[in-house]
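Both complexes below contain chain A, partnered by chain B and then by chain C.
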Partner chain A sequence: MKFSTRSEGAYQLIALSGEIDLHHSPQLREEILKTLKAKQNLLIELSAVEYIDSSGIASMIEGLQLANSSKLKFALVNASQAVMQVLQLARLDTIFPIYPSLEAALSQDS
Partner chain B sequence: MANHACKTAVCEESHETNVAIEVKDLVTHYGERAILNKVSLSISEGEIRVIMGGSGSGKSTLMRHILGLNRATSGTIRVLGNDITGASQREMYALRKQIGVSFQGGALLSSISTIENVLLPLREHTQLDEETIKIMARMKLEMVNMGGSEALMPSELSGGMAKRAALARALITDPKLLFFDEPSAGLDPVVSAELDELILRLRDALHMTIVVVTHELESAFKIADRITVLDQGVILMTGTVDEIRNSDNSDIQNMIHRRPRKTPANTGDYLQRLTARK
Partner chain C sequence: MAYPAALKSIRPTDLPMPAQAAIRILQHCSQAHSDSNDLARIAGSDPQLAAELLRVVNSAFFGLSKNVKTVQRAVTVLGRNTLRNLVLCISVRSALQSETPSEIDITAYWEEALRRAVSARLLGELLHLDGDECFTAGLLQDFGLLVMFVVLPQHASAWQKMCQLDPDTRLAEEQTIFTMTHTEVGAMLGEAWQLPQTLVDALNHHHAPDDTEQTLLSKLLYCVDWIAALYNRAASTATLERCSAILATHLDISQQQLEALLKQIPAQVEAAAEALGLNVSAQADLEQILRDSNLQLAAANLSYQELTWQLENTIKERDHLAAALNRELELAREVQRSLLPAAALQPSIAAINIAAGQLSGDFYDYFSLNDGRIYFNLGDVSGKGVNAALLMAKTSSLFHCLGKHIDNPGELLEAINNELCETSVYGMFVTLIAGLYSPATGQIQLVNAGHPPALLIKKGAQISQFSASAPPLGIIPNSRFPEVELTLTEGCLYLYSDGLTESCENDTPTTMRGLKGLLKLIAAAGQGSPEEKLNSIMSAAGNEQETLHDDMTMLLIQHAQSDDHHA
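Let's look at the complex of A and B:
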């Protein structure tokens, strides 16, 4: 897994790529929780994710729950087919806010 | 990557480059009786392989050998690139972290709750945060339609629920290789159909290689990329669903059409068993 972070409007954006499994998800979880605890809205960009297992999804669920309880915004952007299949398998595709592009996510605030 | 669209002879060739399980000339005995006799098969990554056969055909024994639970008399078995025929306990322990198994009886620990059963492999084998582990366990329970049942004790589960909880536990680490022993046995038709759908979606979403041991024909024909038919310790045939359906092998047609055998398969063996003489 590789990731980079940057600011996008009112959000902090984490862009993920590669494979996210049991070995990488603790790092992802730490980054998500760190951002939300700093009271920043969060977008996670997933277009270059080739594989994600349920530990990676669990880290994002924990982030969504924390964002909701902290009244922060949390959304997924550009989810690759690999990510969508796992979200659908766990029936989470209707639980996460998911946007087809960064522009679509940012325009929700305008 | 999954190669799950392969139900043709052309795809069969590309399967060979990504082999998840390879068994060559496997022979095993209980006492002097051969249970598996020169069994060879190759299962590709991302494939759903159904192993069928009647009671005593050797299908569960074959699964136990592939899992390294039994030692063969002769032959070789490679699993996820590892030769397990001479593997040490430590090597098998490492390999089994990549394998999920749902045994026929469920094999849940009776003294702990359903969710504690499901998350046990993660606690044992990973350093994941406890919150992550619990979310993963609840996700797996949701996948098998057991959301909200996490606090129940195994004694409070119906047979079908116990089987699904065992499946959730087998899935908890997102294993590369998943074994189901008789997943549909004892389940009502709706739950059985849901399990079939789940098996297909697991393979597609998580690229799992899945081996299903069953004698439920309807389920086998729905989920299998290829079917291996065992009879009295030998492979009668391996083929796609259509190849199995159209086989001219009388034992396979008997199995498909639920016809009883007319004669013992091997009269010499049969006579020996009756007279207990060699």
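Let's look at the complex of A and C:
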């Protein structure tokens, strides 16, 4: 797993790539919680993610729950096929806000 | 004293001899009323000895304000006993000066000799013996070994190994290599150097401490041998226990006395080295060693045994904690097992759970309602370990308890979900398939909350998948959990956890088995009872990997009237 962070409008954006499994999830979780605890809205960019396991999903769910309770925005952007499959299989696509592009996510805001 | 010289490799004439003056001083010192004037006169007759005495007496150790210029004054300052020990050291040193094989580390030898001497004096004081005589005995105790190596240097390569042996083993090894031992050579030397007979006897017999004729000094030397062994690089707690036991047996010295004695050794070795004009490496004291945590120093010095004790205690404590934790986990596992149905409820349903760790995040359950229908479920808690196991226990218990009052799977999951959300830990959730099965009709109401699809395999290998119709439990309160209806009259319904599809197949260790692989295992299981089929599938899946990375769980409902031709 590789990740980079940057500011995008009112959001902090974490762009993930590669494989996200049990070894990488703690790092992802830490990054997500750090951003949300700094009271920043969060977008997760997933276009280059080749594989995500349940621990990666759990990190994102934790982020979503924390964002909801902190009245912050949390959304997934441009999820790759691999990610979408996992989300759809568990019907998690119904609970995460998912945008097809960064523009779509940002325009939702204005 | 007669030596069976013909059988022995070393004869008295082979021994290094001190200067004539030194021998006379040793002789004089052994007499009860030696006169310091005589001693001074003898010492003065040997210019080398005189110079050495003056050098030592003027060293910082004696801290004299005025320089001592005469041998007469030096002898008075030193006292008879220090003079004797000093003369011995000078004699040993000059005897060895040019002849020591290079394999032998002389500094280390002196260090050990002084440690023996100091230990002997400390023990002697505890036993009300003449401390200075004990010191001399300790100083010379091992000289015989050194002499054997000097006289027979062809064996020099054995020195290092010899120094690491415990006293008894070493003695046997000496016998093998030299056909004699340091006790005999030491006694021979003591006689040649005209040392007191009590000392010679003690040197000769100190390896036979059980001998009833034994003098206290001789037993003491045997104990000193074991104290010295504590400083071997090969020493262990076993050495310490042995040493402690030997001191208790032969000298009635307690463990506490031994510990107190060991603490005094470094400072005394340093002082003795200074008084005798010998170079030994710095004797680190206990506090300094512990402060530096310098294991290497510690291994060679006093606190070796202290550190061993500490280490041993730490290991014991760790093992103790690990055992306690294991017991706790085993108890938790037992509770987990008790949450799984005890025995096959009826022939149409079976399930297996194999935990990857001690605790499982997967679970399943089935139980009958009063009207004969059977509730069943199979779930997987996110994450692994104790937190997952606790959430598993909670979910399973909620299902078992609420299921008896809510005979509709969709409503049941709604209730469980709300309950879990109320007390949720963020990021933890449960994927679950639950259903209500009527054995009479084969009808099943099924709900899938975020779990991998259930598989209905009908006659003719026609496969239907029942994917999740709702997100997992414990994330969003007030979610809906739509049911599907299916009929089992012509097939089997398989529920499984992702441990089965996300583990790898044998021939493709980097690719996950996937649903395709699982279907192959199901097909390969052939005919049989639900239990037989599951056993076959699970053992095939388990055999394909060396260690389980995820829990694997599977539940199968096979309707009694089913012809089961899908395989």
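By our rule, the second predicted complex is superposed on the first by the 110 of 110 C-alpha atoms of A that agree within 3 Å, B and C clash if a C-alpha of one lies under 4 Å from a C-alpha of the other, contacts with A are read in each partner's own complex, and residues count from 1 in each chain.
What we mean here is this: contacts are C-beta pairs under 8 Å (C-beta built on N, C-alpha and C of every residue); 3 or more make two chains touch, one makes a residue touch a chain.
This one's a predicted model, so the numbers in the text were calculated from it and none came from an experiment.
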Consider chain A as the common anchor and indicate whether chain B and chain C clash or fit when overlaid. clash
In the overlay, answer first, second, both or neither for which of chain B and chain C A:Ala58 touches. both
Would you sort A:Ala48 into first (chain B), second (chain C), both or neither based on which partner it touches? neither
Touching A:Leu66 in the superposition: chain B (first), chain C (second), both, neither? second
Chain B versus chain C as contact partner of A:Gln85, first or second or both or neither: first
Could you say whether A:Arg29 touches chain B, chain C, both of them, or neither, answering first, second, both or neither? both
Would you please give the residues of chain A that touch chain B in one complex and also touch chain C in the other complex? 29, 53-55, 57-59, 61-62, 89-92
Partner chain B, residues of chain A touching it in the complex: 21-22, 25-26, 29, 51, 53-55, 57-59, 61-62, 85-86, 88-92
Chain C contacts chain A in the complex at 380, 382-383, 424, 426-429, 431, 449-453, 467-472, 475-476, 498, 502
Using the touch definition from the top, list the residues of chain B that touch chain A in their complex. 126-129, 131-132, 135-136, 139-140, 142-143, 173-174, 201-202, 204-207
Quick check on the complex: what are the chain A residues that touch chain C? 29, 53-55, 57-59, 61-66, 89-92, 94-95
